[in-house]
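The same chain A turns up in both complexes below, where it pairs with chain B and then with chain C.
Presenting the complex of A and B:
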């Protein structure tokens, strides 16, 4: 009894303050990160080129207004949306197909799904370099395959016609396994009764897929697609490592354009404004995502 | 009936073979390239018959690159060391900060706890450059530019949300009754946390730490913006190496293999936990 009392007295932190004390360090680190965020908003409202420090001053949103008539900006928006849209759709279709193929739990299927983790765990920047070596015009194995099947002059990342295709291919190689893993876990967690009932009634496989599998899998599909969309619209690593946004402005997605604006043309104001527009897009997407994700998380907890 | 299932089985096998080839071939080919000399790499048509050599690896590990034209020093070992230092320190800091916070969020629903947790999660989804670009200017002012300390701090942007949300899920799965019983027996809050909660969530914490390590290792943009050559990890170093060494393709391939090997090995070792971690706990593997 006295022992309990002494431990109570020795407690330096009152129980009510405890959770705050525990989360405070993590919070402080984040406040340190919020400061640059506010600074970025401030920069985006300025005429600010590092090469012309004398010319710096507030211009209250002129950077944003200029975007309306700036063809480079519309190109950036278009390339980002095309990149994000096509990678997510292709990865979703491919990931779903692979997940359906691997649905049954067997040694072989489990082994394959583990092997498919490897691309996902490869750094995207390094994956881009791997493909750069494989698409080298002199000795690249993929260039050689293209020659064999009749495309004599397929120049992959260095031609404006195929650069987008090349980076999308790398993105698919790295991130399709992500879709596959999430959808496979979703497929395997579905209840079996509806399928047994449908099989008893003689419902064809294809109809089972459209009527039962797909609707029940929808929450997983939505979560996985939104997760990827959030990352894909911000893609930097693959594109920068492969072509640095080139050739020309073919691959100038938001973050690559903002990076080059900041470091090459030292136009800080425009760079910050670009990133804030990207942030606004991701903010809306992440709110939708979090709602879906929380619902799925609750379900995973309930089912476990 | 039998006929269709035979066809189906055959189709399945063919499809899976194509999938495996597509996803495994780049890794396989880069490993092959890393075992060849430049002469055999440049052969046309490409061929898989060659006498394997470890010269590329020894050149990288020894830090000297000798060709018939000239000999140059390479610092790729330094990049590997930087990757290890940055990833290990970032995960250690993220665990030290994130695990107590995750426990607080899981056990004590206090005012603003959900908002704070979501703010932390939102960092995972915001464009990293938005924070990085102003940060370069700040870091130069306060002397954190090009230091491990500054980089480890910024790496918390990826490590901390990951650890916080995964570990929180594991703490929520543990019944609080065990902890109450231990507290009633007269133990302090801290010893309850250390002796009961931490060991029970141990596997989850380890899994979150591994995943955070992989993400820190694979990160490219933070170090590209904030680190100069002597602090760069492998992801940035490999890109610089490609530019610097030009045509030493065998060595480039060997450098890439050395850079991806650690994360691939960890992934294979811990694959059981990855599914749950990758979806931040939304999907059970």
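Presenting the complex of A and C:
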């Protein structure tokens, strides 16, 4: 019976076709990614605003050239990089600090590390709305705390002075646990011998951290930072839910600008060009990180 | 049951009895306003059916894309009447406003035939129309074989009707002779004052009648009531910040968004008059607005008034209407007043938002869809919605003439009817119709935010805005 089934299956898919059939799903996914990508490149090279169909035509990179003299674009680039850089660095520091505190395996530490994952379960847009309520000047608990400690007129997301701080705070609340859990896994998987040897030699804890823990943890740090950086440079939901990119142009990051360009202004050409610039930045950043990660791995192998 | 009442309404529909006589007669028969509305609607539907083949598309189905709104609720409540009248079926998807227009843009730009008709604002049709996503409804309005003889298109308020018609030429006058009727008005909002009468009384402040008085009144009422700010206006980084109170007041001073020189458009918001107006508006928000004004959409403006956190709003009249009912803390305590910002102006000139219905060009059966459109925007459904549901503001004169409707408003919404009557003649869209509408207004809102935050002085901010707009207009070939 089994033999018959196997034979029948063999007849259905010939051995020569089998590799192609097995790779078909991957191929379809690639096509599903490549078609919109190529379409976006094509649109980005056009003057294409849906409300002016008569004006549509190829302008061969003019959208990109205009960015050079467009102060809005440079502001978007600056805000996106500052946002991504600040959130990744702060979340890395906080995540590492929490991971170090929870490094020792114990029931309490394991329980706390699981509890700390809660914000990751919250959709970022919902977290932003939650913070919007908590920073409401009439009834928000965070606004109340600020008044108690003497900041009577702290305006959170509604003032250009504090808007960036506010959205970074939300980002930190949501994503620090992500850093923490990756680094904690890294810390707990480090070999114990170097630490035991250092303890025998009487190396101070701080020295151990700088000379042993940090270098050995670096591949994990780079991996966590890369994931967060790629996500953070594409930030949309927290900022849009909190301030729609305002006040003024304070938080006008790439995705918010591209979204407004497409859905509100129906300016497809500019929107596509913005997203391709974002793709290029993401590509460069991920390359830098991957190269460094490989270099570290090579060094670790050489050391061993 | 109700035979005498039906006779009375039948006589009215046949023109044998005037409206006041009908009201007296129904009152005499002990009929409540709500029951009278139902009876009227039922009778009117039957009367309509007699004059027009409403069953022509029997068995067909229409699918709608709708925004979550009291207008939608009123329509759904009355849908059985449409189904009975036509034998057609209606299905719909409802989305919250936050994502509604994204859904519309996605459906139309992908040329999807899923939806036959959808809710829209007139401003959106300045994109949808030229993009070729919606039809010119004049084709159906002018075809007597497709439109029921009692539809009475001229019954629609003129300013509202014309505001939904544009010839597609950038800067072209709304409602011009060659205009295309991109959408059919359904319900609309004027922008006027809704105020908390008790707070004004407590502070000994009288209701402002122009912008200077509004600045003073807002500051005084704020000083006279603890934990309350003076005036609620929108402030989020969105086109929606510009169109309500702000543009209504701006237009009242004779100021414009763009100038039109023989078809060439230029920014007009950096004139001396505009700068003076902006200075006052910014000062008003800084001194008496919400401290988180820059995140305020219509929702926060309304809920703060309803919760007793603000003393007045200069925003959509229907926002005040809804805050004066339901579970709001201030329900029943709000009052309404018309507002002309310019002391030299003879009457208010509210810019208006019009929730409208439009047929998708990709609908598979436009004639059948038009049956739904003419019913939903017809006088009977308008009267039903206005008298039995919260379908305010009606876009039809006949509904505004309804004593049942006016009495309902007068009973619970002091000053509302008068406010509407005073403002309606000047109510229309005050923006220049052109394809960069959303770019212009969103950037305008962002500039306003920078001015209020003292990031840029008013005159400099407006010069920068005008320069930016002019370069975008040039780039789009409009200047």
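Keep this in mind: the second predicted complex is superposed on the first by the 265 of 304 C-alpha atoms of A that agree within 3 Å, B and C clash if a C-alpha of one lies under 4 Å from a C-alpha of the other, contacts with A are read in each partner's own complex, and residues count from 1 in each chain.
Keep in mind that, in the parts below, a residue touches a chain if its C-beta (ideal position, glycine included) is under 8 Å from a C-beta of that chain, and two chains touch if they have at least 3 such contacts.
What you are looking at is a predicted structure, and each value in this text was computed from that prediction instead of being measured.
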For this session: Please indicate which partner A:289 is in contact with in the superposed arrangement: first for chain B, second for chain C, both, or neither.
Result: first
For this session: Using the touch criterion from the header, give the chain among chain B and chain C with more contacted residues in chain A.
Result: B
Exercise. So, A:248: does it touch chain B (first), chain C (second), both, or neither?
Worked result: second
For this session: Check whether A:264 is in contact with chain B, with chain C, with both or with neither, and answer first, second, both or neither.
Result: second
Exercise. Touching A:159, do we find chain B (first), chain C (second), both, or neither?
Worked result: second
Exercise. Of the two partner chains, chain B (first) and chain C (second), which one does A:27 touch, if any: first, second, both, or neither?
Worked result: first
Exercise. Between chain B (first) and chain C (second), which does A:132 come into contact with in this model arrangement: first, second, both, or neither?
Worked result: both
Exercise. Looking at the overlay, does A:52 come into contact with chain B only (first), chain C only (second), both, or neither?
Worked result: second
Exercise. Do any residues of chain A touch both chain B and chain C, and if so, which are they?
Worked result: 132, 136, 138
Exercise. Considering the complex alone, what residue numbers of chain A touch chain C?
Worked result: 49-55, 132, 135-138, 153, 155-161, 242-249, 260, 263-267
Seminar exercise, completed: In the complex, chain C touches chain A at residues 101-102, 105, 109, 126-127, 130-132, 227, 236-239, 290-295, 304, 307, 309, 435-436, 438-439, 442, 445-447, 449-450, 452-453, 455, 476-477
Problem set entry | Contact set on chain B toward chain A in their complex | 12, 15-16, 19-20, 22-24, 26-27, 29-30, 33, 41-46, 96-98, 100-101, 103-105, 107-108, 110, 113, 116, 118-123, 125-135, 137-138, 153, 156-157, 160, 164, 169, 172-173, 186-189, 214, 217-221, 224-225, 234-236, 238-239, 242, 249, 252-253, 256, 259-260, 263-264, 266-268, 271, 274-275, 278-285
Exercise. Can you list the residues on chain A that touch chain B in the complex?
Worked result: 3-4, 7, 10-11, 15, 18-20, 22-23, 25-27, 29-30, 32-33, 35-37, 39-40, 43, 97-98, 101-102, 112, 114-127, 129-134, 136, 138-139, 141, 144, 173, 176-178, 181-182, 185-186, 189, 220, 223-224, 227, 230, 234, 236-237, 240-241, 254-255, 258-259, 262, 268, 271-272, 275-276, 278-279, 282-283, 285-286, 289-290, 293, 296-297, 300-301, 303-304
